[in-house]
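A, B, C and D label the chains in the order they appear, each numbered from 1.
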Amino acid sequence: MQAIDLINLGPFIILGLGGITVLGLGILPGHVSTRTLTAVTIIVLILGTAATILWKVPHEIDGILVFDRLSRLFIQLCMLGAIVITVLSLYYPPTQKEMREEYLSLILFTTLGMVLFISSQNLVMAFVGLEILSVPLFALIAWLPKQKHAIEGGIKYAMLAGIAAAFFLYGTTLAYVNSGSLNITALSQSLSDGHLPAIAVTLLLVGMGFKLALVPFHMWSPDIYQAAPAPVTALFASIAKAAVLIFLIRLLCLNLQPVWEALLPLLWILAVISMFAGNLLALFQQNIKRLLAYSSIAHIGYIFVALAAGNSLGRDAAIYYSLAYALMNLGAFAVVAALALSDKDRQSLEEYRGLGRQYPILGISMAISLLALAGLPPTAGFVAKLLAFGSAVEAGHFILAIIAVINTAIAFYYYLHILIIFFAEEKERTGQYIVPLPRGTLASVIVINSLIIGLGIFPELITTDFP
Amino acid sequence: MIPLSHSLIIAALLFTLGLLIIMLRRELLFILMGLEVMFNGAALTAIAAGQYWTNADGQVLTIFLTVVTAAELAIALILVWLVFERLNTTRADNLKLLKDNIDRGPP
Amino acid sequence: MYEIIFYLTAAVTVLAAGSILIVRNPIHAALYLVIALLALALLFFLLGAPLLAALQVMIYAGAIMVLFLFLIMVMNLRPTQEQLPFLSAGWKVPAFLALILWLELLVLFFGLLPEPADETITVIEPKVVGESLFGPYLLVVEAAAILLLAALIAVLYLSRKKRL
Amino acid sequence: MNQLLWLIPGAPILSALIIVLLGGFLRYRHIAVLASCAAAAAFLTVLLAWLNGAANAQPLQQTVYTWVAVGDWRPTVGLMLDRISLVMVSVVSGVGLLIHLYSIAFMAKDNDYRRYYFFLNLFLGGMLLLVLADNLLLLYLGWELVGLCSFALIGFWYRDPVRASAGRKAFITTRIGDLSLALGIFLLFSQFNTLSLPVLFDAISEQWQPNSQLAAITAFMIFAGAVGKSAQIPLQVWLPDAMAGPSPVSALIHAATMVTAGVYLIARMHPLFELTPLVQWTVAAIGAVTILYGASSALAQNDLKRVLAYSTISQIGYMFLALGCGAYAFALFHLVTHAFFKSLLFLTAGAIIQANNHEHDIHRLGSHGGHSLLMHGCFLVGAASLAGIPVITAGFYSKEAILTTVWPASTGQLLWVIAALGTLVTSIYIFRTYFLLFQNSQKAVSISPVNRMMVWPLFILALLSITAGFVEFPAGWPGPQLWSTWLENEFGTATHPPLATVYVLQLIASLLPLLGAGIAFLLVRREKTGYRLPLSDFLRDGWKFDATYKIVLVGGYFRLAHFFKLIESLLIDAMLHKMTRGYKVFATYCRTGFEYGVLNRGLNGLLSGLRFGHAQLSTAQNGLLNRYALMICAGAVFLLGYWLW
């Protein structure tokens, strides 16, 4: 281990030590306020982001971790997302009393898991990273053990994530059977004999498809989205999924080109069923968190449209879409979190009637996020869809592109439905609990939405120069 | 000497058995046991492959597997206990609070 | 002789795991699981991984099973009243699917890799494993430590009595 | 220098964004200074470009960013600074800067300063973007931005319904032109699959024959866009009303920048226009008619700002005339000098009006008297330049250049006569205004001292109104002709008739302004005794254009409706009774058969299909853990099955 390795490991070390520091601060004899702990957490995340700037050249440590432009970009995204989620959690009424050092350190650890997963070059590292990502989530979902929903969500997620982990692990071992090494690059080298690597990748895909809520591994997602506290939902609906997507892209598009090409028809089918199932399920859904869960299933379908193209444009489109997807969902769930009632989230769409007028900034943010999800210019969602569908057309998948466009049209209905309810003239609304909007929440919502717009106007910042 | 494919088949059998346990049994604890069986199927694959390639990576993988299983199981068990305490059940099919509301139908 | 022991142990593993499917009493199930795991430890040993065999016995049979049994006792579980899975209505589809999955794996594994020429078992020494673990995989070990810490925190939080 | 190009439109737009986002935290002074600094930044960048020799070098180009690259489609935000745009940028940013400075004092008492500066800056940015754009898409963006801002600025005092409706009128009228421009751009894109200007010009000259129909249609579309923006007949009606806005806005939008956008557009697209002599002649003819229209209408106005508005219409007519005759360089020359003297006149008028409690009527303003000497001088300089008093004013040189080149064009003699007549009338109306306004200035006691910040812009503009002409002496004169030689590369040389003819023409044209001033003097003396011009009502209402539009378009519409109603009642009464009944039966049949049978059923079918799918899938989300696990297993089986198959 050399000095350059340590420098490159900076963000990881900072996150790990930061988590331990927060824990330590929390149990100091003198009472440290939650606000201070949050501040420390945010500082740790900012330092971690700053440490990624030190990465100069693409670098690899022992075939375990790789630091390149892709991982840097998404590590920064994860850190930003974690900051936003921390801020949201601080002002999120239901968990406010329950949020102490445990919560914050778990947020830091789960971020560490994402970061490791994003930059792992080795399947064992990826597996451990995936688990660091998901084990804290079991607890975070069930963070309000007084609520029956929360416990049920927690146990369901733990069990099903266990199955997914088993599939991922099985894929890993089969990859090892194939090449005698756990390195991703090594996996591609002994590709000649049979389709063992393809089976291995397929099983890995099952494991990751679960995390991504790809149809048919999607069943958990609406239940868990509904059960978890909104900031946590925001966490695993946005940056956690982006991390998984990036590992998938690293595996398929950057290291295992032949497997990717062999998998294309499968990706095609997965894209189509994900889009249709997601959009149909979302269509008449009345619970906003479930609705967003279904809509994100459809979005994973759109990303798979890009992946099914099998060309470099498809790869770039998938990368860009992952980023845009994370931001859009973060924006939407941030608003849901900001509008939570004192003990639980607002769930039914009707509970949101007229809130867009009551809180104009949140209303506009929700509008931006939802229109981005629907794919309207000048948001990042539009560019993402344009690139994804464009790559499908370039690859000659006209039918796929048409199906995707039809699905976008269907999706438009329910996004607009939310917005209409959101901005409806409110009826008599007396004695309603009015959430005071803290500045931190507003600031993070504004940052996310300006990023959505900004990346829609300057997409070239993201789409250039991936290896 | 055991052919590699025999070990792999036994491991696959363990894996699918675990999956079957999860799919068929309704008790949460049984589901967790099924999960263990699945993990161990994967572990057997790793060990067999380690023997085939005669390097230590398979065993390292298995060690990490054990660690991960332990961590996951610990949380899963505490959640099972919470379910038992708060919801007074240990069966998976009693966990039906979270689902699509299909009675009301679309507007 | 070696082969006979191997296949016998494998049969025990599979049968013990299969028994979990059909027993009613959770304690019995846990014991079957222990049997399966111990047999698996023997398999590990036979496949030239003595360290892992030992670890398997210690961690699974020693630690994890105790957790299971402990929880069963705390919850005071009776033998379940549920009908045996093979009698309940919906068993066919899962069983069929699992069978298909296994067959698929079986077919896909068939003749994939050339079998090695030498017929001996090479024992992979704990020392080699250790060197590998703290050599190239050092970072993963650190990560696993964080994982355990995170799991610890999570469990501590969820089990806190004060709040309930 | 290439890398700094973005700063020219970027600085005002950024400042506009800052003002709209953070303006709440800033005081008036800060906002005004910020806005002025943004304008100054744009102007300094232009200055830097001059200093770096942009005037003689190759066109500067900067692709600020490619918005997104999908296959061959790469819409860019690209800026291009060649000589044409250099002229425009200099004028726009320079005059814009002066007007920003002037506004600091002018708007100090207004409460809505934040909105004002936001739109002023955005307008400036949009105009600079329009001028610098290297592709038509971006140009159109700037074009629309400018239109939007002018709408907001004209209707700035929107609480007064008259002023608000003036803004609406401007917007709607120019929209007609914009629509046509958009159609023209679509046409070009569909033909050449690109909107980048240099590529487009190459493609046009290669692929389109002279006089081809497509070229004529496209050119006409673009010309119609220019007509709308530049307030030429028949879309000129919005400009006089647009004087409802604050005076600096009038100076900026209606003298120096927006109304000249049309001139710029035609000059920019001149390769297209040169292919179609017919459209080109139309440009010249419209210009000539507009000259007379504007000048004669201005003659009868009593509102100071309306005089200037009609005068603007007529002066832009000169530019169109020059464009139509192929003298693009002189059109731009007149654009520059006009920007100077007309801004000077507007700003002076604004100061006078503000100093006299918002009194617009020139008779009453004149009888008040007491305008400061400075105002007097500035207005005189502006008026002289506008009239084109020989040798000493900039207006003379530019107008002379245009008149000389008009002569050899087709039907040039006629156009020349009209233009010369226009010169005479111009001189009459502006000196009439001048004499009426300052008739009592003997008793000048400066009643309200003018703010210093307002003086400097006036002074600079006055200086420019006199000296700016010396860059181009008329043909045959012993002086340099820097302007036309400098723009030779862009437009080629304009022809002029033989020198003997030229001298005669020049003599006539230079005597006309003096004659006009004399006539104006007599006119004013008679006007004081109650004399009124013949047709003055007709002229004052701008040749009754508004009324005509109202009668012809709105009234005609009602007539038509009435007519139809009459026919309908006749037919129904007389003979269509039975047919109606049959029709009703048929309609009922259609309704039941088609609407219920096909449309309704189809839509319902689709909807219930979606609903059915939703319900089916939704039932699967039953919350059962085992079922979810089963689904995962099924998925794995499916994925692995693919490899078997």
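The criterion applied here is as follows: a contact is a pair of C-beta atoms (placed from the backbone, for glycine too) under 8 Å apart; a residue touches a chain by one contact, two chains touch by 3 or more.
Since the model is a prediction, treat every value here as computed from it, not as a measurement.
**Q** In the chain contact graph, what is the shortest path length, in steps, from chain C to chain D?
**A** The distance in steps between these two chains is 1.
**Q** Can you pull out the chain pair that has more C-beta pairs in contact than any other?
**A** Highest contact count among chain pairs: B-C.
**Q** I'd like to verify one number: the distance from the centre of chain A to the centre of chain C, where each centre is the average of its C-alpha atoms, in whole angstrom.
**A** 31
**Q** Report the inter-centroid distance (CA atoms only) between chain B and chain D in whole Å.
**A** 72
**Q** Express in whole angstrom the distance between the two chain centres, defined as the mean CA positions of chain A and chain D.
**A** 49
**Q** Could you tell me the distance, in whole angstrom, between the mean C-alpha positions of chain A and chain B?
**A** That gives a centre separation of 24 Å.
**Q** Provide the list of chain D residues touching at least two other chains, using ranges where the numbers run on.
**A** 611, 614, 618, 621, 623, 625-626, 629-630, 633-634, 636, 640, 643
**Q** Find every residue in chain B that makes contact with two or more other chains and list them.
**A** Residues 4, 8, 15, 18-19, 22-26, 31-32, 43, 48, 50, 52, 55, 57-58, 60, 64, 68, 71-72, 75, 79-80, 82, 92, 95, 97-100, 105-106.
**Q** Residues of chain A touching 2+ other chains?
**A** Chain A, residues with two or more chain partners: 124, 128, 131, 135, 138-139, 142, 145-146, 156, 159, 163, 177, 195, 199, 222-223, 281, 283-284.
**Q** Going by the contact rule set out above, which residues of chain B touch chain D in the complex?
**A** 19, 22-26, 31, 92-93, 95-100, 102, 105-106
**Q** So in the complex, the part of chain A that touches chain D is made up of which residues?
**A** 156, 159-160, 163-164, 167, 195, 198-199, 202-203, 205-206, 209-210, 215-217, 219-220, 222-223, 265-266, 276-277, 280-281, 283-284, 313, 383, 386-387, 390, 394, 410, 457-460, 463
**Q** How about chain C: which of its residues touch chain D in the complex?
**A** My answer: residues 93-94, 97-98, 100-101, 104-105, 107-108.
**Q** Which residues of chain A touch chain C once you look at their complex with the stated criterion?
**A** 1, 9, 16, 19-20, 23, 61-65, 98, 102-103, 105-106, 109-110, 112-113, 116, 122, 124-125, 128-129, 131-132, 135-136, 138-139, 142-143, 145-146, 177-178, 193-196, 199
**Q** Mind pulling up the chain D residues that touch chain C in the complex?
**A** Residues of chain D touching chain C: 626, 630, 633-634, 636-637, 640-641, 643-644.
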